[in-house]
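One chain, chain A, links the two complexes that follow: it is found with chain B in the first and with chain C in the second.
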Partner chain A sequence: MSAVFAYAWRNLARNRRRTAIAMSAVALSTAMIVLAVALIDGMIGGAVGNATNLVVGEVQIHAVDYVEERSFYDALDDPAHVLAGARERGVAASARSYGYGLVAREVKSAGALFWGVVPSDEIAAFDLAHHVADGSGRFLDSKPERKLVLGRKLARTLGAEVGSEIVVVVQAADGSLGNELFSVAGVLKAVGDSVDRSAAIMHADDFRELFVSDGRVHEVAFNTRGAIDLAELERFASTLAPDADVRSWRTILPMLSDMLSLADGAMWVLGAVFFTAAGLGVMNTMLMATYERMREFGVLKALGATPWRIVRDVATEALLLSVAGTVVGLIVGLLGAHILQIYGIDTSTFAGETSFAGVAFDPIWRATPNYYAAARAAAVMCAVAVITSLYPAILAARLRPIEAMRRV
Partner chain B sequence: MAAIVDIKGVTKVYGRGDVAVHALRGVDLTIGDGEFAAMAGPSGSGKSTLLNIIGALDTATSGSVVVDGEDLGGMGAAVLSKLRRERIGFVFQNFNLVPVLTALENAEYVLLLQGVAKSERRDRVRALLTEVGLGGMEDRYPRELSGGQQQRVAIARSIVAEPALVLADEPTANVDSATGDSLIDLMRGLRDEKGVTFLFSTHDAKVMERSDRLLLLTDGLITADGVPSDVLQRG
Partner chain C sequence: MARTTIATAAILMASLAIPITQHATVLASDDVAHAATKTGSATDDREATDLSAREILDRVDDMFRGTSSVGEAEMTIATEHWTRTLSLAFWTHGKEKSLFRILSPKKEKGTATLKVDADLWNYLPKVNRVIKLPSSMMSASWMGSHFSNDDLVKESRMAEDYDFEISFNGLRDEVELIEITCIPKENAAVVWGKVEVTVQRKTYLPISVVYYDEDLTLVRTMTYSDVRELGGRMLPATITIVPREKPQESTRVSYATMDFDIAHGDDLFSLRSLQE
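Right, the complex of A and B next:
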């Protein structure tokens, strides 16, 4: 077998420039595919990560009509049981209470969605606590302290900054008017449009007091950061709260989920374009090499080489060419992906701050190197090269020796 | 003497109708085991066509061709490949060595096709290359060898698998006279030592004189067949 590879390698070296061009086409295509996959994975992964790890979680549990009605009174029956069950299985979970009201600072006011959270649970399960803008304060303390963390746009509407006093007016569960003075603990970075415009997050105990909520919890969000399969996590949540409404992030954020599927499809199309281009390059090289050596193939057949052996020799050359090109492409592509993972592409200069489907995109677009996809792309590239070489190979193999030997 | 080649009524027509060219017009020929025979004749007389048909590189339009007991009529491509690989050796006018293979690799190619183990292959080919005067040149590529040396490699390649028959198409055409002489010496020696049957096509008077039997082809027919001196005298 080593003789076959040695023969193929020497044949490739016959016309070094042509071989180098074909190898470069394979390398470039492989590198582009690896980079494109890494960038799209980075973008989608970042968006999904923003959505799930910041706020939404992988699975949410609500009372049956809560998502449609957003009624303060549609609370979960036994959130403590859900939280205990999650804790037992090692699933990070955060219970949240929601209520609408007004916030005002000096002469400015705005509607707000108040969140009551247990800071330690929120910190354990989500990244929201670390998403306070630089120089814009901190997240909530573990003890109730009449402080708020505001969404970015809400803070801007109110002209609020860390330490600003905010008047909060809500209608409490018992029909009374809740009216308290809070101060701003921190302002969040961009999360998503609805959070940015309306979120006013406070300690669960402050919420309970303000809304006279009697411990109502409207949402329990699970987040395992991918440790448990999504469908499995959904099943687990359903067993903990069989009468509740259990939804995965794919249902909660359908547009983001669709975008993920769309990106998968786009990658196939993109891959097909690059594979076709590289395949044609290899086929052209092998066709030229075959035509040049037609007389030689005739001699080999005269000596007793079978058509299959001729096909194998030509296909081996294509395989070596594509493997060499693919290895270079993998190295360049993965190196580029790692560099873009570390430094990213700053899109803020030409795209500003972008959000889609209510999820903020990090203005620094980072790649996520995907070794599995890279290996798959390399395998497909080699297969494409070998398949496209079959045409010239069969052309050479089918010629009768005497016809082939008459070729100059 | 057993017949290695036995052909009867062989014709070969290229093209059809008005443009048909009758390269062979009903050739009968028997070549015995161990013969050292040459075919001569003007260009277009059918020498190469006849060699190609005997060597299973081309097919006859009609007639029967039996080589080493095998009737070539109706054989498939794979069987013909096997026949060429195991029973027939070729020496071409232009040497036709594979440029990316060394002298040793060129000479061993047929053994490689036969699946002979590497060590045995190498031993046999090294010994053979020494025998044809190329000892120490095993690792040279064709471009590093003279025309005569390349033809010696081609001769070694043709006999390495110990075929029943070696067909040589103008083997001395592209070498000087002295080299041509030495190549004939070499092939005669191989015939004498190994009993290989040689059939040449040639324009070279020296090759004709030094063969045991000379066939004269004219317009696709064998017009003279006998010892070279007689044929040349008549021709």
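Right, the complex of A and C next:
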């Protein structure tokens, strides 16, 4: 057996150029597939992380009717109990109050959705606090200082920068007109269209005073960053707030959830297309390389080689070549995936800001290397190369030597 | 959601330089002359004092209007969660300019709204700032009431923006009344799908105006009551608006005083006077 391999190896070495071309075709195709799978995985994983870690959380708790009506008066019954229960179990949680109103700066004004948050909780549970654009200030301090963090489009509408004075006008819970001067602490990066356009985030204590809100809390969001299974987390939230409306991010962001399910399916289709394309490339190369040697096979047959021997030799050569090719391809593809995991592809230059289903996508598109998927892809590539080399080999084996030798 | 066309006109604005009596007379005689040429006879069914639907709508539109007006009113807002009363002073000039200033309660005292054409500014004494209302906030509530900011700004006229016909004329609940149903013209910039104006047959003063949305669902009802003399005119001094969605809620405006055709200073409707 080892003689067969040695013979195949010698044959490959005999025509280095041909071998190099065929091998790089296999390597390139393998690398391409490995990288593509890693990028698709990265996009889907990134989308889930973006959707939940930034602000939505994995599970949200609202008063019944709040999500439909968005009424200021539909507040949670006992948010303190929910927060205490979450803390006990080590689930990071943030309580938020929401109220509509008006923000104005000089002659510009816009409608806004005010958020009252406890900055330390928000920072501990979510990434929003780190999502303040570079050079655009920072998140709220732990003390109420009449500061606002604005959504980026809202800030642009107002022409507001860090330190800008903002007049805030709201209708308070008692029907009176709440108005106050705030200043801008920071401006957020893209989060999602509604947040970008309307969010004006302030300290919970400022919110309480402005809205005469009496401590109303409209939303408690849990975020474990995947540490607790989603269904389990939902059950836990329901036991803490049995009369409340508990939803997971899959319900809150149905479009994104659907899209991810769809993307999962699309990945299979895309993978198949990639495989076909890469497989055809390899097949073509192997076909050409084998056809080129028809005369050689004719001579071999004339010298008494059996058809089986020719098929065996060609297949062995193809196997060696494609194993070497896929190994190189695997290494290159995984290396590329790791590099793209660290540095990512900056899509902002050609795609601008991308958001889908109200969730901003990180403009840096990162890959998630997947060794299992990569190995599977490499094995399939290998098989494709060997199988496609069999056809011309069988053809050659069945030719009469004189005809094979006459072929150009 | 709560926007209107004639609500503005009828309630808080004043408009059109022509005094209403003269206006009505001109139209009435026009109409009669027209009718006479058309039929070729003087045997008109209508009594001489009867007004056409158009004239009635114009009367309702112009009821509170003059070249200018000044007055004080009380606005009581009742919602599911709170009830409060604001007293306010107002000045108007034509239908283009108006100024409202809150006199009480204390928290809002001095808060003022200036309307010039289609723009609204609010002055907030607590922070001493004037803000211009963005167009996106036009459908939002004015000072927490069931009137929208749009209600203050809109300047349309019933008789021009709607096709109308008298849909009832007679006795209902022992009151002689005329009901006019108005359907907006195709290109009219109004948000309603239908408006029903009901007036007393004797005085042509409105009893109610009922607003329907484009699906012809009742949206809000405005009722007029407490007819008394205001600035030399007999007018319904109290107007109550009830939103259909929350029938237990209402906003009631009661005029305490009102004078018409007053000469205002040139800069009354300016951002400077807004802050005084």
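Basically, the second predicted complex is superposed on the first by the 278 of 408 C-alpha atoms of A that agree within 3 Å, B and C clash if a C-alpha of one lies under 4 Å from a C-alpha of the other, contacts with A are read in each partner's own complex, and residues count from 1 in each chain.
Basically, a contact is a pair of C-beta atoms (placed from the backbone, for glycine too) under 8 Å apart; a residue touches a chain by one contact, two chains touch by 3 or more.
For clarity, every value in this text was computed on a predicted model and none was experimentally measured.
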| item | value |
| --- | --- |
| First (chain B), second (chain C), both or neither touched by A:176 | second |
| Which superposed partner A:270 touches (first chain B, second chain C, both, neither) | neither |
| Which superposed partner A:10 touches (first chain B, second chain C, both, neither) | first |
| First (chain B), second (chain C), both or neither touched by A:400 | first |
| First (chain B), second (chain C), both or neither touched by A:124 | neither |
| First (chain B), second (chain C), both or neither touched by A:305 | first |
| Partner chain in contact with A:327 - chain B first, chain C second, else both or neither | neither |
| Interface residues of chain A shared between complexes with chain B and chain C | none |
| Complex interface listing, chain B residues touching chain A | 52, 55, 57-58, 77-78, 81-82, 84-86, 90, 92, 96, 98-101, 105, 109-110, 112-114, 118, 157 |
| Interface residues, chain C side, partner chain A - complex | 77, 79-84, 105, 107-108, 111, 122, 124, 126-127, 129, 131-134, 136-137, 140-141, 143-144 |
| Residue numbers on chain A that touch chain C, as the complex places them | 73, 102, 104, 107-111, 167, 169, 171, 173-177, 179-181 |
| Residues of chain A that touch chain B when the two form their complex | 3, 7, 10-11, 13-14, 295-296, 299-307, 309, 400-402, 405 |
